[in-house]
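Both of the next two complexes hold chain A, though its partner changes from chain B to chain C.
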Partner chain A sequence: MSASVLSVRDLTVKAHLQGETRTLLQGVSLDLAKGEILGLVGESGSGKSLFCRSLVRLLPSSLLKIEGGTILFEERDLTAVTDAEMLKVRGAEIGMIFQNPTSHLDPVMRIGDQILEGIRYHQGINGRDARAAAIEILAQIGFPEPVRQYDSYPHELSGGMRQRAMIGVALSCNPQILIADEPTTALDVTIQAQILKLLMDIRDRHGLSIILITHDLGVVAQTCDRIAVMRGGRLLEQGLKRTILSAPQDPYTVRLIHSHPSMPDVALPAVSAPAPSRAATRPLLEIDDLHVRYPTGGSLFRGKNARTVGALSGVNLQIMPGETVGIVGESGSGKSTLARALLGLTPISSGHVSFDGIDLFQQRNAGLARLRREAAMVFQDPFNALNPRLTIGQTLAEVLKVQKKIARADIPSRVDELLDLVGLEREFVNRKPRSMSGGQCQRAGIARALAVDPRLIIADECVAALDVTIQAQIIDLFRKLARDLNLTLIFIAHDLAIVRNLCERTVVMYRGEIVEDGRSEDVFSRPKHPYTAALIAAIPDIDPDRQLLGHTDAASLEPIQSFKRMP
Partner chain B sequence: MHRYRFVLTRPLQFLPVIFGISVITFILVRLIPGDPARNLLGARATPSAIAKIRAQYGLDEAMWQQYFYFVKNLANGEMGKSILYKIDVLKLIATRIEPTIALVLSSVVLSVLIAVPMAALAARNSGKAPDHVVRIVSTFGIGFPPFWLGLMLMILFSVKLDLLPVSGYGETFGDKLVHLVLPSLTVALSLSTVLIRSLRAAMIEALKSDVATAARARGMPERIVFWRHVVPNSLVPTINLLAVNIGWLIGGTVVVESVFALPGMGQLLVRAIFSRDYMVVQGVAMVFACATVLVNFLADVVTVAIDPRVKL
Partner chain C sequence: MSAGTVSSSPAGWRLRLSQRLPLVIGAGILLFFLLLAIGAPVVAPYDPILQNGATRLQPPSLLHPFGTDNFGRDLLSRVIWGTRIDLQIALIGVVFPFVIGTIVGTIAGFFGGIVDALFMRLIDIILAFPFLVLMLSIIAILGPGLSSFYIAMALVGWVSYARLIRAQILVLKNSDYAVAAVSLGFGRFRIMFRHLLPNAIAGSIVFAMSDAVLVLLSGAAVSYLGLGVQPPVAEWGVMVAEGQSFITTAWWITLFPGLSIVCLAFGFSMLGDALGELLGVHE
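Showing the complex of A and B:
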């Protein structure tokens, strides 16, 4: 390996709060070689983002200070240079791209002009040449019509194109090192695969060194040369990708690798073996030719014949009692709309949904009353789905009071029972969401769903916001609950590996339609629809030898384009 | 450019608004106690003379009939005749509209010229001395009523320092400009305080935003980060606030024109109300209302021009 471009030794960052000093980064030492992609892995709060921001002295608060260590870059110590010199390092030497391109791109500036800014400022090129250079960058980062798209604004682009634009803006400064902070976390798998390919392509073309911050070991396995694992502000271990993945030293790394929901070759035992008598029983949930359309635009004078956009078109689905069904698809494919329509939260344009034989369209009130007693939902964002003013005990008791299934006096014991069920200590009765971690909040959310003693639980992206180790715990919890309580579970996720692990049946949605429906093993091993095949090929596997998009060539992905999220 | 299509369709929506305004002003004016004919002729007028005047101006007819004539005249581009000045109301307004427009425009320009640098100074030094000074001064500014502020400025600049004319309006362009300095400064000082507070808050927000962080991560100096990325992103809420306040300001010219004896629409309105000159009150109120609607429409156009995400 060639000489390192960046060499960090004993970097320490402390936060000075009122009278209290907390160490956020403790003696982190790391090297980055030229042309290398280094994966920086860790859960939220591990200090991986802070480490990268410290490199260019962009600390998120003035209360944080670099207290020790050196950052050696081109024979200079970046902790010692003046602020004016630092301006020349940022962007021009060390560029950054961020997780959320929507908020980091200037919404009122044309994409081309944002790229132009860096070219003019850092490379000193002006006028027509600068514009030509900007268009050249747009072409490089995969804009099909760079001349026309120069004039696009960020909101006119899809999430994937925005992230490409963000990479273009970073490239415009012509840096040697690119720090990519969770660049694909907010993207769908197919788009994620394209962005990762783009990053590797840029590395090859420009000889860039890249620090890729991520929580997804699959991404690291597919793209990086070396891995560094962080936790609690310390660097636990670092080394070559294959060494770390095959023989991790630190127990935390071992846990991280085991929590990764990778795709097993051998079929996992399904959650519950399909009972032979099932074919005879009546489906719990029956969806027949369901259409949901949202109005777009319309005005005072054209109220009647406003245009609509179809979110679901002709969905047919039957779910048997006790089944565990995973619904997958990229954002905008209609999975969440389907969930909302099932619970009567979104008006149905046409078609039928019946729950346990009651049609929700014809007997709306009776149907919904029944449904809401017997079905519950677990939401994506565990913090915002819980009332911040209520303790967990109050939240659970509220549901039990409204349900009136059990006597008032029995409520406290039932609350304890629910907490036991989801694996929370009983002392959480008096805790409020703000003093709980994301995983604990999600457990509380599941306890609230279980409080109605439901037959059906709909979980909408309920692990997407959690760290991998926590994700694995929540998935285990769902598996156990589905088995013990004989629940019917509809599990909506964009993460196919999780669905593969948890669900016995998988439904794939694409543009408001169900394109594939079958037993999980069959769907994943022998996908019938090209879209399903593309989705599966795009999952970054933790095994570096199973290459990203290995089975399908990249060209076959092109016709399946991502489209913008519904407004 | 379909984003600007509303420029063509939106004026259609003004019609019901303007209709509503015409009804309200028509009724309100007639609810004021007093009689224009009696006011014109004085206390010792004979009942027959009063009746003659009332018949001449159509005041003896039913309310709905009077309104019908009012609308009919409006459709012909007329607003009736002033009882007091004995000339057509539109012509009367035409002679008085220039000082008012000049006052509103110069006040708005002046307050933006004050507000943007002050808000920028405060936001870029958020929490430090300049920020505190700007905030305290602007809080005081909101507390002072414009008529009092106008008198104080008059005492300082005209009476003590003898730099500017006390009141009135000039003949030549330069002369008019000199006469407008104090009135527009009075208005601008009150108006800019509101703008400073809104703009400062928006700028502080934008300085902390991801857009600014990303620009800093590209090595842009703080000056470019601020003027190129922060300012355009913090203007939109303030533009709408400014539009609302201009609407308020158009009505507020009544006070300022009285204090500085500017021969504008505000002054005309005050006189007309005192002499129950219904036609003039109606006419001026209609013009003020239409101007307010127009200003808000212009604010929408500017918002669409600044923020490409806005669709109207």
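Showing the complex of A and C:
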């Protein structure tokens, strides 16, 4: 590591709201060495994104101002240069890539041309040479057929390829520093491993410095040289990766490391330890050769030759009362479709789903009535899952009123009870989702599911949108609820570490089929199917000595399209 | 970017000045016209339909601040009395289409399939005719008058509201909270009218405010053609029409009722914008 390319001293950013001034970044000092990958870790709202945006003066609102400090970059203070000079720094010297490549790529411009633009503007190369350079970059960032794919539009690419294209656009300007803001958060683990490997690859080849913003300590452990931990606009500590991970100083860092779900040693006991004797009890949920197909391409006048796409093909599954089952798989593997089919929210094409002995296909009305009274769902996006116009109290009371399981007079006290159960203060009765955090909304969503007084709860990716420490809290809540209320829990997630922590049984799905089903310990320690093995190998472990494996295996698996994103 | 957004207070009612100003102006203007309409007998200095040959076509003066028209009627009094009719036109002409369109749109969007197809084709048919031509033919069948105008407005005007609401419902019915409502065993009408509609309606309310202006203008147009408000009743649109033949010699006959229409329209659109902010349409 040579001298630092970027040196930030006492950077302070304040927001000037009506009548009050809030400090968003307080005296942050950081150095970035040449060819170094710095991991910036923290929860949402910790100011890590804001810090990086301040570097290139792209503050998200005019109410925010850089109040103090210096940003030294190539012997210039970036806080003092003019806007015209700043324009040259952005892109040309400091490139950025973001979490969601879909919204940061121009949808009506070919990928190649988007890269070409940077080359022409910042490197001054034109014509055929520029095109050749763009194709060279496409090859570097792992496009298998760069000449043909030069003409692809963003919507023709998968999420992983789009993120690669974003990196390509950033590289086209030949920057010295690359700021990557949660570049892999929206991606599946196997794709994440590929992108992280690509970033390290680029660092080695171009010698550029990377600031990697992430909330996943596993990602940091696998890729970064140094770690900086932020919280509430302050830099809590920074240091070499191994030092921080093995001997964290700040209590918050300790908590962050311990809430990382891949910690294998603190193996919490799986939920209901002695599995109920399976022969004796009847399965609560029985799925037999379930197929779900969606029509595509058909229309009113071409109804007959409408094609279908199978989202689930031949799923067999039995779930016993009191079991905690995790369903894992990448996006598009049919996990969510399975969840919706189980609750009768998606029409079944063929096969059988029976809930507590009632077949949902044959006795649809009776089955659904039963299901609505005894099963409930918790959703992925906590903000979208609650009606924004109703207070939490109204939301819960409505469920109780419709379900008619308790007398009307008892509803207010039951609402309080439910809030206690999920660990929300009682004053949340009068709050609306908009004024609550993601974790609080998710707790309210769980309370709503519990209001049904269900035997079965299906949680669909319900922690994917939350910060790690909040994730750990919600997982703990589920563990407690499943134990105390004797719930059957189906927990759908793409994060294998969470499933291993919470569930006694794991089901792995791939392309609409169940490829593996067994006790979690067995599945994770001795995977039978190569896909499961590839999934497990792609989890970034918090131990830096356990290298990311599996990218070669995973690359052979073709990308699959998710049905959730289909029109 | 949670760090960058300005968090609203828990109640969400404490607004910034830039948001509050249009609300105050819009509501103020409408309130002013409402008071004027209610107090017309007291406020108006003259009888609005009393003709007086001695005071024909007088320009604005202290005695007649807005001047007089070709029958010698005091224009200020006529504008004040006209407020009654015009507010009524804007209100009734919007409320009925709004209610009908919202219900139809909600049902079409929620149920989809054949119900949706039928309503949408009906809307296509209505939209295929020029708005005014359709209005005029309905009024011609029912006979001239204000009530015919309201009926015609209700029959033709609901289509825009139906389309607006339907599009919203189509999006919202796939939202997680709608799916959650289904999975919790809520009835269809509860989901439609308690969960989806309140979240979908904000855009329609804002649209209704700007639509009120259009209704006002079509009321004036229909009256101008002799099918709406009948003379000698004072109505701004009719007054503008009456002043047309004197526009070069007695500009005040057209100007003041015209300005009143502009003011009322401005009030509605300001209120529409403010409501849009308040109801979170732009979020």
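Everything below uses one rule, namely that the second predicted complex is superposed on the first by the 541 of 567 C-alpha atoms of A that agree within 3 Å, B and C clash if a C-alpha of one lies under 4 Å from a C-alpha of the other, contacts with A are read in each partner's own complex, and residues count from 1 in each chain.
Note that in this section a contact is a pair of C-beta atoms (placed from the backbone, for glycine too) under 8 Å apart; a residue touches a chain by one contact, two chains touch by 3 or more.
In this text, all values refer to a predicted model and were calculated from it rather than measured experimentally.
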When the two structures are laid over each other on chain A, do chain B and chain C clash or fit? fit
Of the partners chain B and chain C, which touch A:Phe98 in the superposed model: first, second, both, neither? first
After the superposition on A, what does A:Cys173 contact: first (chain B), second (chain C), both or neither? first
What angle, in steps of 10 degrees, lies at chain A between chain B and chain C when each chain is taken as its C-alpha centre? 30
Could you tell me if A:Arg373 is touching chain B, chain C, both of them or neither one (first, second, both, neither)? second
Which partner does A:Gly159 contact after superposing on A: first (chain B), second (chain C), both, neither? neither
Between chain B and chain C, whom does A:Val452 touch in the aligned arrangement: first, second, both, or neither? second
By residue count, is chain A touched more by chain B or by chain C? C
Classify the contacts of A:Gly322 with the two partner chains as first (chain B alone), second (chain C alone), both, or neither. neither
Looking at the overlay, does A:Gly47 come into contact with chain B only (first), chain C only (second), both, or neither? second
Which superposed partner A:Val399 touches (first chain B, second chain C, both, neither): second
Rounded to whole Å, what minimum CA distance do you find between chain B and chain C in the overlaid structures? 8
Kindly list the residues of chain A that each of chain B and chain C touches, one partner per complex. none
Under the definition above, what is the set of chain C residues touching chain A in their complex? 1-6, 8, 10, 12, 16, 175-177, 179-187, 190, 194-195, 198-199
Chain A to chain B touching residues, read off their complex: 56, 58, 87-92, 95-96, 98, 100, 103-109, 117-118, 121-122, 153, 155, 166, 169-170, 172-173, 300-301
State the interface residues of chain A toward chain C in the complex, per the touch definition above. 15, 17-18, 24, 44-45, 47, 49-50, 59-61, 63-64, 233, 340, 343, 345, 369, 372-373, 375-377, 379-381, 384-389, 398-399, 402-403, 431-432, 434-435, 445, 448, 452
Name, in rising order, each residue of chain B that touches chain A in their complex. 12-13, 209-211, 213-221, 224, 228-229, 232-233, 306-309
